[in-house]
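Same chain, two partners: subunit A is paired with subunit B first, then with subunit C.
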Partner chain A sequence: MMSLPRLNTILATCLITTLVLWIVIPFAMALMWSMVDPGTSWSYPDILPPALSFERWRIMWETSSLKTAMFNSYSLAPVAGMIAIILGAPTAYAFGRLTFPGKGIAQILMLTPIVLPGFVTAVFFASILVSLGFHSRYFAILLGHVVLFMPYAVRILSVSFSQVNNEVVNAARDLGASPFGVFRAAYWPAIKPGLFAAYLIVFILSIEEFALAFVIGSPTFTTVPTILYSYLGYDFIRPNAAVVAIVLVVPNVLLLIVLERLMQSANPANVSGKG
Partner chain B sequence: MPDLDIRNVEMRFGGFCALSDVSLSVSSGKFITLLGPSGCGKTTLLNIIAGFLHPTQGSVLINGKGVTSLRPENRDTAMCFQSYALFPHLNVHDNVAFGPRQKRVARAETQSRVSTLLSQMGLDLHSTKLPNALSGGQQQRVALARALAVEPGLVLFDEPLSNLDAKLRDQVRSEIRSLQRELGFTAVYVTHDQAEALAMSDEVFLLNGGRIVQSGKPRDIYFKPKTRFVADFIGAANLHSGPINSGAMTTPFGPLSVDSPNLSMSTVCWRPESAALGGPLSGVVSSAAFQGSYLDVFLTKDGETIRLQISGDQHLEVGQTVSFGVPRDRVVIIEDTDTGQANA
Partner chain C sequence: MPNGLRIILLLTPGLGLVMTLMIWVLYRAFAQSFGLYNFNGDDLLTLSHWQGMFQNRRYWNALEWSGYIAVVSATLAVAVAYPLVIWLRRPFKGSFLLSALIKAPYFVPGLVAAFLLINVISYHGFVNEFLIWIGVWDQPVRMQNDKNGYAIIGLQVWKQLPLAFLLLSGAVAAIPDNVLHAAQDLGAGTWDRFRKVVLPMTVTAMQASLILIFIGAAGDFTFQAVAGPTRENSLATLMVTYQGASYSDWNGAAVIGVTLMVLSLLGSIVFAALVQIVAKLMERV
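Presenting the complex of A and B:
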């Protein structure tokens, strides 16, 4: 039999290898490509770029529509997150706290947008918006993101609502709390982490969403993912794509770390009060 | 302090009847227990008294005033929950101060109530801790202090000791009872533990399948059970069935004298500790366990087994034949109609 420390070493090695293959190498490649000096090209057989500079970053920032795209993306995402939460919370409350006939089916139907391919939704959604007379691309995409990502918010929030302890609600009422007092004492602590998590999920998904933003927005309305696509498609410029890719990925990774923290603190043990 | 009157309460959940025709009354300052097996409707009844549930029929009166449709926050009641239901994000002090603050009690008054209660419960040193950082017994005390901080006239306890270990349970049990005597509130105490019910209560209401099957003083419930279910549920009971002829019932162990001349088929019951060695009955010892203050003996004869608890200084061997007697006034005739529910 293999000794435990040895097994641990092997597992740790596997983990590190996987991390390197999946994350470190692509990220390092993107970083290097984004810093290839425009004057000196990087080609076979050089393993590392011969010269590094921030020239690409400067060019992209000053000449491309990256600035506008970032503004669009980062103004869409927070608003989409907010609206998804506000609209999703009542549904989540019903799923998490009430029993009603057809609840199971309703919950499954609610999740279907998640499994539909993005382009399918996007194409038909765009045609609906046009026939509804939606001419602002910004609002059309905003509405699209809210519809597409609300299921995630509802899903997370309904778990949060179901973790609200009935006896704690009753205790608050019993001790004379007003409806708002009950909300603050019994609901808010239990759903707060879920609210932030749901908000962040919608935020991240909105930042990364491509299909709908492309179908509705192109060619005039750009977001970070659609601009990235434009550097991968017809006029493929790898260093420029690398710059956009990093702009797209780094904030999301940071948000993901925050999200992970929130999910941990959403642990039911913290809200049950049972010992 | 208020008295409580429950009249013909029925509670249905869809097609399921959790309580039917429950009536009981508690006079001011008394300590009563709702006792019964799990699922018999104890919590449901408590929730109806507190106002979390509204009965499908019947009414609840506190101090003679109908409160059936009054919201929990407007009733003079406070509940101690089985899971404690402390606010996990509030520290001990703020948990206890929650009720007075919601009821807009003056700040100084709130402060003095909280500090009195915390010192009464031995929680002074923990007032800034979160509930998660406390032991089960401490959480239990915070829950009690929180309920008492609103100075309720009627305190409802839902199996408050069921999450504590045996030793702590005895201690907290007597603390609750002496607090109740000191503060004078009326108490409705729910438990499935018959020892707890017998030890604490002025009056016990025994529930089964959503009905009150017997109520009375602990002694009466214990020594004069009316049905087989009551006899079985409260303590250990020896039961015999058969006709009674000229004041005695024929059992495998011999003739058992009963305080009744002639009856056709009937069932009688007596408690293990009512028996004394020497008498007209006899059986073979199948086990004898020394329990310190008493000897727990099982006797068999013709395939039937009975239980005796006799003084601990006696010594019996397995296989030995023992004769014993049961005083006539300790043998009670019971109704034996609820056999089907006996194990519910």
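Presenting the complex of A and C:
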């Protein structure tokens, strides 16, 4: 009979191969579609595109609203990340370091935006905006993103706050440090990775967010996801959609790798120095 | 400063802001479904929007369709994740890479995932070309926007499997080794150890996975709009159609939105109860 480790290796190899194909083939096809030369079409029975060029990328950059959409997306995300952290940090501090009646319920309530269907939130937030006569799409989507993604920031930050070492806090106080001095010596080193991780997760989720941007933004305010949707909908233009899909996914994957590292260094064992 | 006041001040900018907006949004959806905030006429507390919807076939079709997609997707994703989690409980050569690959789709935005899939299964896509090349099919087969929604279910499972995987592996990792060893020493076989130790200790994680995937899939707009059958609507796509430019029926959209929330709630309760019952039964058998 085959030994268990050997069986594991064989099964794992098969599954890894399948998963690589599962991920690599779709992305390779998107990349090829984005590079199909506009002059020659790629159709059955050609397995590969007959001619490759960056022409489509140039056309998209120069003539479509991709540039505006990228500007909008990348001017929303950093601001949303900042505000979510600034507004969420006090709540995270309370969750991470204080005990109070109703804390469990408060922590569950904080998850409401994650549990409610995104399109329900988007449509009825839009309805409120109509009643209020609020017309700035940028600020409306910004507020929406801050509220929708603050739960993620609060969750990460409350873990960071709970990792602050009380002994260091007390030692700093005993040595006569000012409140700012205590913060710098005891809090900052423990919460720094969590702060960056919380900022990045809100940034990434904001770039990807579709429901609010679509319901509130369309048709005049475009973001990268809404422009991708427009190429997937009524006028389906596969090569254009391929360009936008890559523009949407590649920066976020890179940011996610950074996030993964930060989350590891936000690990309790590393921060408290007790591990 | 009194402690209570201090905590309220700390919670106000974060939790306070989130709750204010979410309660406002929820209230707005309920109020509009009963005729208030009518943008097309006078505000009038009425059941007519609900009655109108109840006589609308598209409404019932969308409800049935969203329910079907959500139940199948949640069940399938958890059914696939469970054995993987148990298999990968102990690290072995390649297991780290494997779990990274399983988790990867969680980080691909839904729209991109849908686009990638329709590229692969399209008329000139990889699957068609490959199956023709190896001689299984004579000519390309139309798979896009299939009427059974297999593409949407496939996308849901692809995208949500990592969530079930993460939640379940957390629970499985938390089972102390000595508990399993003790069960083994007392003569419990693999199956007994599963139903008497592993299953009861992962019930909560399983409920959480099923509920979160159910809610996500029930509220789906993107996959339905891009890869779903053109004749069907999900509740979310129907709601956006009603609210959108061609109808501007916000009150009708509100009825659909409230229905979607009720479906999410009921689905969560049913799944949670079912898992509990099955786990109890398995323990006794």
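What we mean here is this: the second predicted complex is superposed on the first by the 255 of 275 C-alpha atoms of A that agree within 3 Å, B and C clash if a C-alpha of one lies under 4 Å from a C-alpha of the other, contacts with A are read in each partner's own complex, and residues count from 1 in each chain.
Just so it is clear, a contact is a pair of C-beta atoms (placed from the backbone, for glycine too) under 8 Å apart; a residue touches a chain by one contact, two chains touch by 3 or more.
Predicted, not measured: the structure shown is a model, and the values here were computed from it.
Chemist: Have a look at subunit B and subunit C on subunit A after the superposition and call it: clash or fit.
Modeler: Once subunit A is superposed (C-alpha atoms), there is room for both subunit B and subunit C without a clash.
Chemist: Who contacts more of subunit A, subunit B or subunit C?
Modeler: Counted on subunit A, the partner with more touching residues turns out to be C.
Chemist: In the superposed arrangement, does A:81 touch subunit B (first), subunit C (second), both or neither?
Modeler: neither
Chemist: Looking at A:33, would you say it contacts subunit B, subunit C, both, or neither? Reply first, second, both or neither.
Modeler: second
Chemist: Given the touch rule stated above, what does A:251 touch, subunit B (first), subunit C (second), both, or neither?
Modeler: A:251 sits against neither subunit B nor subunit C.
Chemist: Examine A:181 and indicate which partner it touches, taking first as subunit B and second as subunit C; both and neither are also allowed.
Modeler: A:181: touches subunit B, not subunit C.
Chemist: Have a look at where A:194 lands relative to subunit B and subunit C in the superposition and call it first, second, both or neither.
Modeler: Neither partner.
Chemist: For the overlay built on chain A, what is the smallest gap between any CA atom of subunit B and any CA atom of subunit C, in Å?
Modeler: The answer for the closest subunit B-subunit C C-alpha pair is 14 Å.
Chemist: Taking the touch rule as given, give the residues of subunit A at its contact with subunit B in the complex, in rising order.
Modeler: Contacts found on subunit A: 165, 167-168, 170-178, 181, 185-186, 189, 270-275.
Chemist: What residues of subunit C sit close enough to touch subunit A in their complex?
Modeler: Residues in contact with subunit A: 3-4, 7, 9-15, 17-19, 21-22, 24-26, 28-29, 32, 37, 39, 87, 92-95, 97-98, 101-102, 104-105, 107-112, 114-120, 123-126, 128-129, 132-133, 140, 215, 218-219, 221-222, 225-226, 236, 239-240, 243, 250, 253-254, 257, 260-261, 264.
Chemist: Quick one: which bits of subunit B touch subunit A in the complex? Just the residue numbers, please.
Modeler: Within the complex, subunit B contacts subunit A at residues 47, 50, 52, 71-73, 77-79, 81-90, 98-99, 102-103, 131-132, 134-136, 139, 146-147, 150, 163.
Chemist: What residues on subunit A touch subunit C, complex-wise?
Modeler: 5, 8-9, 11-13, 15-16, 19-20, 22-23, 25-27, 29-30, 33, 42-45, 47, 86-94, 98, 100, 106, 109-110, 112-113, 115-121, 123-128, 130-131, 143, 146-147, 150-151, 154, 208, 210-211, 215, 225, 228-229, 232-233, 238, 241-242, 245, 248-249, 252-253, 256
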